[in-house]
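First, the structure itself, so that you have it in front of you.
Letters A, B and C mark the chains in the order given here, with residues in each chain numbered from 1 onward.
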Amino acid sequence: MKDLMFRIRKNPELYTGAVIAAVISFILIAGFLFSPYDPNAMSAAEKFAAPSVSHLLGCDNFGRDLFTRLCVGGVTTLFIALATVSIGVVFGTIVGAFTGYYGGAVDEVLMRFNDAVLAFPSILLALVFISVFGSGTFKVIISLGIVFVPSFARIVRGEYLRCRNLDYVRSARLMGAGDLRIMFVHILPNTFPVLLSSTVIGFNNAVLAEASMSFLGIGVQPPDSSLGRMLSDAQAFLFSEPSYAILTGCTIAVIVLGFSLLGEGLKKHA
Amino acid sequence: MSKMIKMLALCAVTAVALSACSGGKPDASSSITIGIPQDLEDSLDPHEAVAAGTKEILFNIYEGLLKPDETGNLVPAVASNYTISEDGKTYSFTLRDDVKFHNGQPVTAEDVKYSIEKSAGMTGAQSLISAFSNIEKVEIKDEKTVDIVLTEPDIDFPAYVANLNASIIPADNKDPKTKPVGTGPYMYVSRSPQENIILKKFDEYWGEGANITDITLKVIPNADSIVMNLNGGSVDMFARLTSTQTQQLSKNFNILEGEMNLVQAVYLNHAVEPFDNVDVCRALSYAVDVQNILDLTSDGKGFPVGSSMFPSFAKYYVDLTDTYPTDIKKAKELLASAGYPDGFSFSITVPSNYQPHIEAAQVVVEQLKKIGVTADIKLVEWNSWLSDVYSGRQYEATLIGVDASSLTASAMLDRFRSDADNNFTNYSNKEYDDLCAKVRAESSDEERTKIYKDMEKNLADNAANIYIQDMAEFVALSDKYEGYVFYPMYVQDFAKLKLKGQ
Amino acid sequence: MKTVLKKLASFIITVLLVTLFVFLAFELIPGDAATFRLGTNATPEALERLREELGLNRPFFVRYFTWLYSFFFGDMGQSLSYGVSVRSMLASKLPITITLTLMSFVMIVALSVPLGVLTSKYEDRMWARSLDALGQVTMSIPPFFLGIIIMYVFGMIIHAFTPGGFVSWQTDPVRFIGYMFFPSVAIALPKAAMSAKLLRTSILSERKLDYVRTAYSRGNSTMDVLYRHVLKNAIIPVITFLGMTLADTVAGSLVIEQVFSIPGFGRLLISSISNRDYPVVQSIIAIIAMIVIVINLIVDIMYRFMDPRMRERS
């Protein structure tokens, strides 16, 4: 018990972040799975119904249960962020591993390219991709995913550069392990601590990027809903029903708060 | 009180600023900022403008030989009168004496000949008025008289001449796309893309002329911020609001209610599967509950329609709204018999700048789910809609309002003729084409009206489109102004607006 | 000097890459300027003629370098939707986006430096800790949501400004700046919170270092040490961060413009993307890339100036 208190005090971000992230994710996923309402079922009689026992947070402009929609929108947002980061991590790791391990001309060229892309605001690149692919949930994932690759590649490359001449790698090489084996069995696990915190921070950025794009109307398209899309809808009712916009915006803010604290805590921890 | 002072101060500032640049006449200046949902992106050239939203604005800048008035009659504009020859083939227009272009030059017979020929597509570009293909030649009789000779007689011809797409522009114009010059009550001053368009009262207008001196048309493509702009006081007027938007407005606004004079429907592309199958189209029509759409999107306000004609066009309107009463069971049966027992999926393209259509589309998607049909909504920018859907016909279904650009029934109905240039739905029906041919040959007004009504029935019976409504039009006008006039067409007449007590 | 040249070279590569990338991206989209201008009903012969005229038949790289060449001499081509020169379209919008970016950047610096210093100096006080927590929450609010809240509270309830009442800088520079204030706040607050936190952490870790202890033991007063020694070193990572932030702020302003109905680059970019008006998109992206690069250069120079270690190395 005392030990736990000590650990919390030493790294309060990690624990607060973990709790907030876990609680908000749990509520959203539970609501998504178990809500008795169809998130898209419209009812003219319940337009902007006030919060009540049957509708915890009331209804939106189409008489749809707001809590259910927040959960579905939230899960969509989380899913997009997760998928985006996964693309970033997987391809970033592959690129980073090869360039970091082998070095040489390919590394030089790729990293130049990488730096160029990194210097540029990521949402703008995503916009260019969107204009090529078009809008929609999966296109957003692919666009953002590609944009996220360079930053992970850079991180992983750094770790591989550091590790490739360490003793354990040398001994593995002496024992006749192949390059691929060394790269993905020996070195890869050592990148996890750094990779983990970057993944969480990247996840957070993905949540924000998706929300911004959907808010601009070029991300998720109705009838699919994500938190950004809902916030843009809610802005039209800011005067008569401010709670719609505020609840939606706060949900995004809480998700971001939780995961950013968690990311910072993990970074400290690593 | 302090508000009053502020307003006075503001007026004084505007007056000073104006007198500084126009060198006098400080008393007559007044201005208004009008919000518009899209920039005029297609073209400022009246002969190329397609979008209703562009044309309703250009209405204030350009005029044809004739123009429609607010009661739906054709009145002389650039022409002072016209005569028709015995055989009904030659229309002889006499030009008004005192008509001037915004650049100060008087309108000549050459300008008229040039404009009509350009508009009719005789000088290159394609004509937007398909009935103009009937023009054989345009002849200058004398300085003030122009004859338009037709191949076949056409009773509707004056209505086409009054179409905005047949406006008169100077023959020596350099670039009507970017430097519009017309004869209307307002002249074009400047524009800033995606920001605004500035109009100024044309002092040498031949007619009664405008009341308000300066108009700023502010582009507000983001439907969410319209209410904010109105309540915040940066926009004085906005036409075509939703009823939810009007409910949020402060009491500084008068809400005027009218009709939009269009047919809002889910227009189906009959060239793509499964909309080439009549039963599928009928099934969808049975599945869609129009009253429910009105309840959800406009608090029940709006005028349901059952075919491509809106109620205020009373002469030609037939009530066909009960052709497809909502009937899920029947819809499912029809789908099954058409070979889609498990439904199908398609996408509805909707222009992203027009909130009422987006909202209606969301409700339609939900209603179609009940018969197992999954639709997704594809939001596109207005210009993409024009190029992909309207001209390119690359779409499955689109939810949009179609208006009448000329005061004739054929403006609504001719576009469903299988070989019409503007048949963006690719509707192809032998019987319908025959009716079109028949109505052209017919000269009795009574008979024509009857045939037009048959055409409407044909569209309804074959569920050419999923018809929804003629939308209620809500116009918010700041209580500082008055004089907004509704037309039986898709038109905004800014010239009638005035300051209260002006 | 060598490093500066090296940096410069890598910046040029960045411009080339980003513009090449955008050029390539639009190459992948079906339809070109010719089909766009003539519409879908155009005959193949007419299309071919126009392509010839516009030089669209030339090889990709020839077209790219021709574009790049004329871009640097101020000719950005013609907008497909408006038929006017892109340069004239952007000329009136660029000052808007730049003003928004600079104003928010000034706010970020003006807020974060004092906050960072104070919260680190009084790190154990209750108010410093509350400010810290508040900062943590602030940086989690997406700027566009903050924009909506500001618009609602300051525009609608307090009437501190007129929402949507944007005034162009040519009409009235004072009111223009006035209208930009609240949007800048929306962009600046979250970033200021981040940078204050970074500065605080950086000061705290710097203070633990030996040389600071030595300074204290020599009897220097706390404030003096803080300013003369600690801040000078602690600010270095913050400058890096601010450099990155400035680039981000450009992107952030594109979104905030949408919230506050400001007709700057953002709205033009988004509508041009949807309209496939690629001469406009290419030019906007290229200009933003150059802005970002110039910012990076400035940061780099400041970096050298501030950090003696870097100076020696070069």
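Please note the rule applied: contacts are C-beta pairs under 8 Å (C-beta built on N, C-alpha and C of every residue); 3 or more make two chains touch, one makes a residue touch a chain.
Treat the numbers as computed from the prediction; the structure is a model and nothing was measured.
Asks: If you walk touching chains, what's the least steps from chain A to chain B?
Replies: Minimal hop count between chain A and chain B: 1.
Asks: Please identify the chain with the largest separation between its CA centroid and the CA centroid of chain B.
Replies: Of all the other chains, the one whose centre lies farthest from chain B is A.
Asks: Looking at contacts between chains, which pair has the highest count of C-beta pairs?
Replies: Chain pair with the maximum contact count: A-C.
Asks: Roughly how far is chain A from chain B, going centre to centre by Cα mean, in whole Å?
Replies: So the centre of chain A lies 45 Å away from the centre of chain B.
Asks: Quick one: report the Å distance separating chain A from chain C, using the average Cα coordinate of each chain.
Replies: 22
Asks: Which whole number of Å gives the spacing of the CA centres of chain B and chain C?
Replies: Comparing mean C-alpha positions, chain C is 41 Å from chain B.
Asks: Residue numbers in chain C touching 2 or more other chains?
Replies: If we look for residues of chain C contacting two or more partner chains, we find 151, 156, 258-259, 274, 276.
Asks: Could you say which residues in chain A touch two or more other chains, in rising order?
Replies: 217, 235, 238-239
Asks: Residues of chain B touching 2+ other chains?
Replies: Residue numbers touching two or more other chains: 225, 228, 231, 352.
Asks: Over in the complex, which chain A residues touch chain B? Could you list them?
Replies: It is residues 40-42, 44, 47, 61-63, 135, 217, 221-224, 232-233, 235-240 of chain A that touch chain B.
Asks: Please give the residue numbers of chain B that touch chain C in the complex, ascending.
Replies: 39, 41, 126, 175, 177-178, 192-196, 219-222, 225, 228-229, 231-235, 352, 380-381, 383-384, 387, 391-393
Asks: For the complex, which residues does chain B have touching chain A?
Replies: On the chain B side, the touching residues are 223-228, 231, 244-245, 247-248, 292, 295-296, 352, 355, 358-359, 361-363, 365-366, 369, 376-379.
Asks: Show which residues of chain C lie in contact with chain B when the two form their complex.
Replies: For chain C paired with chain B, touching residues are 36, 39-41, 79, 81-84, 89, 92, 151, 155-156, 162-166, 168, 258-259, 261, 263, 267-268, 271, 274-277.
Asks: What residues on chain A touch chain C, complex-wise?
Replies: 112-113, 115-117, 119-124, 127-132, 208, 211-212, 215-218, 231, 235, 238-239, 242, 245-246, 249, 252-254, 256-257, 260-261
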